[in-house]
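When the chains are written out, they are named A, B and C in that same order, and each has its own residue count from 1.
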Amino acid sequence: MAKIVAEHLKYKYPLSEKLALYDISFTIEPGEFIGIIGENNAGKSTLCQAMVGIVPNFYKGAYGGKVLIGDMEIAKSNISDICKKVGIVFQNPFNQVTGCKLTVYEEVAFGLENMGLPRSEMIDRIDYSLKLLDIYKYKDRNPFDLSGGQMQRMAIASIIAMRPEVIILDEPTSQLDPQGSEEVFRAVQNLSREGITIIMVEHKMEKIAEYSDRVMLLHEGKLIAFETPEKIFSRDDLDCYGVTAPAYTRICKSLGIKNKKTGFYPVTLEETKSLIGFSEKERCPYDQN
Amino acid sequence: MIHKLDPNSKIIYIFVANIAPALIGARMATASFILISIVILTIGKVLHKTAPMLEFSGLILLTVAIIQGIFHQGNTTVAFALGSVVFYKEGLMFALGIALNVINILMSFSILVLTTKPSDMVETFVHMGLSPRLGYVMSSVFQIIPQMTKTMATITDAQRSRGMETEGKLKTRIKAFFPLISPVVMNSLISTKERAIALEVRGFGSKQKKTFLNDLQKTRYDDIFRFVLILILILSIFWRVLIWLK
Amino acid sequence: MTRIEVQEMHFSYTEQEPILKGINITLDERSTAIIGQNGAGKTTFVKLLKGLLRPMQGKILFDGKDIACMTVAQIAKHIGLVFQNPNDQIFKNNILDEVMFGPINIGMDEQEAKRHSQNALAMVGLSDCEDKNPYDMGLSERKLIAIASVLAMDTDVVIFDEPTIAQDYRGIEKIKKIIRTLKAEGKMVLTITHDMDFVADCFERTIVFAKGKILLDGQTDKVFSKKEELSQAYLEPPHVTQLCNSLGYDKVFLRVEDFVSYVKSKGIENK
């Protein structure tokens, strides 16, 4: 399983004047679940693309520093080789449809065919990932006749079926219903427990806080912080970076409730519940169910 | 059923349908193949999809007929006259020959294009030894028309939902056609770029030998179909040889 | 006051699979959210209101008039729809042209159209991008362009299909402000969304779609108190409500501020 290392990564799109990524360095261990947050245009998608080689191999532009996946240097490898190790789900699922397959089932098969998998294995994996994303019943549908959320599910299924070592998801649940996005987070967490590295861009802070091991905060192409969710969301300057803490953290900030053990504000429902519930029990014990 | 035939059989059909009449050298032969194609397309329930293409080529062929009917070099026998313009039989027959050939080619290709999934087509091309990339380019050339139709529908929806009249009288519809052209072209260009990235991250450019979800298996029908085709080809070669020997 | 009545409406894309199965509803001036599972038929429903799709059975009355006898272009003068996928909506090479397309088509003169368009672009915060090509913008900005193009038409009804896709926290605040402004102008606002906190913050009425039918319809806080039906429709209540539920409160809140002031008033603080 591969470690991801970025060293002084810099990047500028061909026709733009300013850097989209500015001197970014980090190390991600195998099996980690990494959340990426930041305002619009912070460079989140660009960073994702830099980890699969779309930047710079497809877009060209000015590039400095390097990104390593295991011992493979991204800028010097072909996307077709990188994609065996690193899978990416794009921000806009409509852009991820290959257009040369007529059914959802075949669409998911596309990547597997290119990997040269035997047919029986292909079928196992497709069935598994379609069921995981709850779209098995649409398997014979034309990919373009799906609703937005269903298309997003198909894009995720297509990548999960390829079983790469690293999965990058760029706002993968933006069009999913609440239970659907919860299921995706759980499924992806299970993958990370199996040792697959997960990198996920999201605006749903409650989910990022609950599921990520560490969170990257990006702003104007710079990596502002790369810490545990508690540490990131306890910062007072989040507003300057155009992000907001999870609802639970905002409540606790207003009420001045900190986790005494860690010294940070709680970030999940469970933690908040136990802290508020605790202070409540002291006062009105019968208000509890 | 036609959809299930191996694309290779359909390619053989294109080959035979165009070579055999040339060997036999009779317009009747070309006409028969057009008829066969129509029957096959009807069985495959896709005959109506050839309409736009036939309309377009019909227009061009009509022009050819008029020009040849009036100006063809070997013109001697008068067929009929419209006012002062005289049409000659030789020219018209010559034009008829061209028309039959063109329609024959179009119809036989339609069978392949309209009854084969784009992915199967790529696959066949790959099996034939083309690189997947070239195979994809070839198959997307065949896909241009359905693709454009879809983009046009999307853009029309975008335009009419913002108050542009596109429904009703023919005049309105023609007027609505022109503002479509540039966005359709633009959209196609953009989606080609996006499509390319989508294909790339799913390992499309990989040098790994590909496998296929649908084993394109030859069916019994394929064997029968091919046997008949080869027979026709052999017979027409005989025919040619016989004519020579005479 | 604008009213849309939908009576016993059925719709399907293919014969085998009915999508909407008898929808009866009256939409009025209350700002309304439509929520529901992926594939429940929300987008299909608003496309029917817009005339882009036509019902198989039943009818839609706009201010008492059946829209079956209006063309999409005529309906567009009254109802604006921001598409779920901005790529399906944007087709010009210049942002200002894109935004001005609608207003000009529904009969505004050049100057009026320009004024409306520039206002709309200011509302979504893209005033300095007027001359850029929409194809060079990211998804979040393209969504905002799509919103501006509809706002500029100044229609009585504005429908948003998942407006918060790809928006950061400021983007969502911007959209909330737009919805409140439209509401204050007396327009009917209808929004499809999967963001429950956004629903709680912004909408008086909430309609829950499930499997082609309307499962719940009512005042937003009432709807969010129906735990079972929500979960049946693959939804969940806003985060604050979840917290209240798990704390076992009998009083349920939808917004962070309300919760905080309640707890403060009870004098529960961490000492």
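As a working rule, contacts are C-beta pairs under 8 Å (C-beta built on N, C-alpha and C of every residue); 3 or more make two chains touch, one makes a residue touch a chain.
Bear in mind the structure is a predicted one, so any value in this text is a computation, not a measurement.
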Arrangement of touching chains [line / ring / star / complete / other]: complete
A-B or B-C - the one linked by more C-beta pairs in contact: A-B
Centroid-based (C-alpha) most distant chain relative to chain A: B
Between chain A and chain C, centroid-to-centroid distance (C-alpha), Å: 26
Averaged-CA centre spacing for the pair chain B and chain A, given as whole angstrom: 45
Contacts with 2+ other chains: residues of chain B: none
Residues within chain A bordering two or more other chains: 95
In the complex, chain A residues that touch chain C: 38-41, 45, 91-92, 94-95, 145-150, 153, 171, 174-182, 203, 206, 242-244, 246-248, 250-251, 254-258, 269, 272-273, 275-277, 279-280, 283-284, 287-289
Touch list for chain B against partner chain C, complex: 154-155, 157-168, 183, 186-187, 190
Parts of chain C lying in touch with chain A, wherever the complex brings them together: 13, 36-39, 43, 84-85, 87, 138-141, 162, 165-171, 194, 196-197, 231, 234-236, 238-240, 242-243, 246-249, 256, 259-260, 263-264, 266-271
Parts of chain B lying in touch with chain A, wherever the complex brings them together: 117-119, 122, 136, 139-140, 143, 147, 150, 191, 194-215
Chain C residues touching chain B - in the complex, by the definition given at the top: 50, 52, 71-73, 76-77, 80-81, 83, 88-93, 101-102, 105-106, 135, 149-150, 153
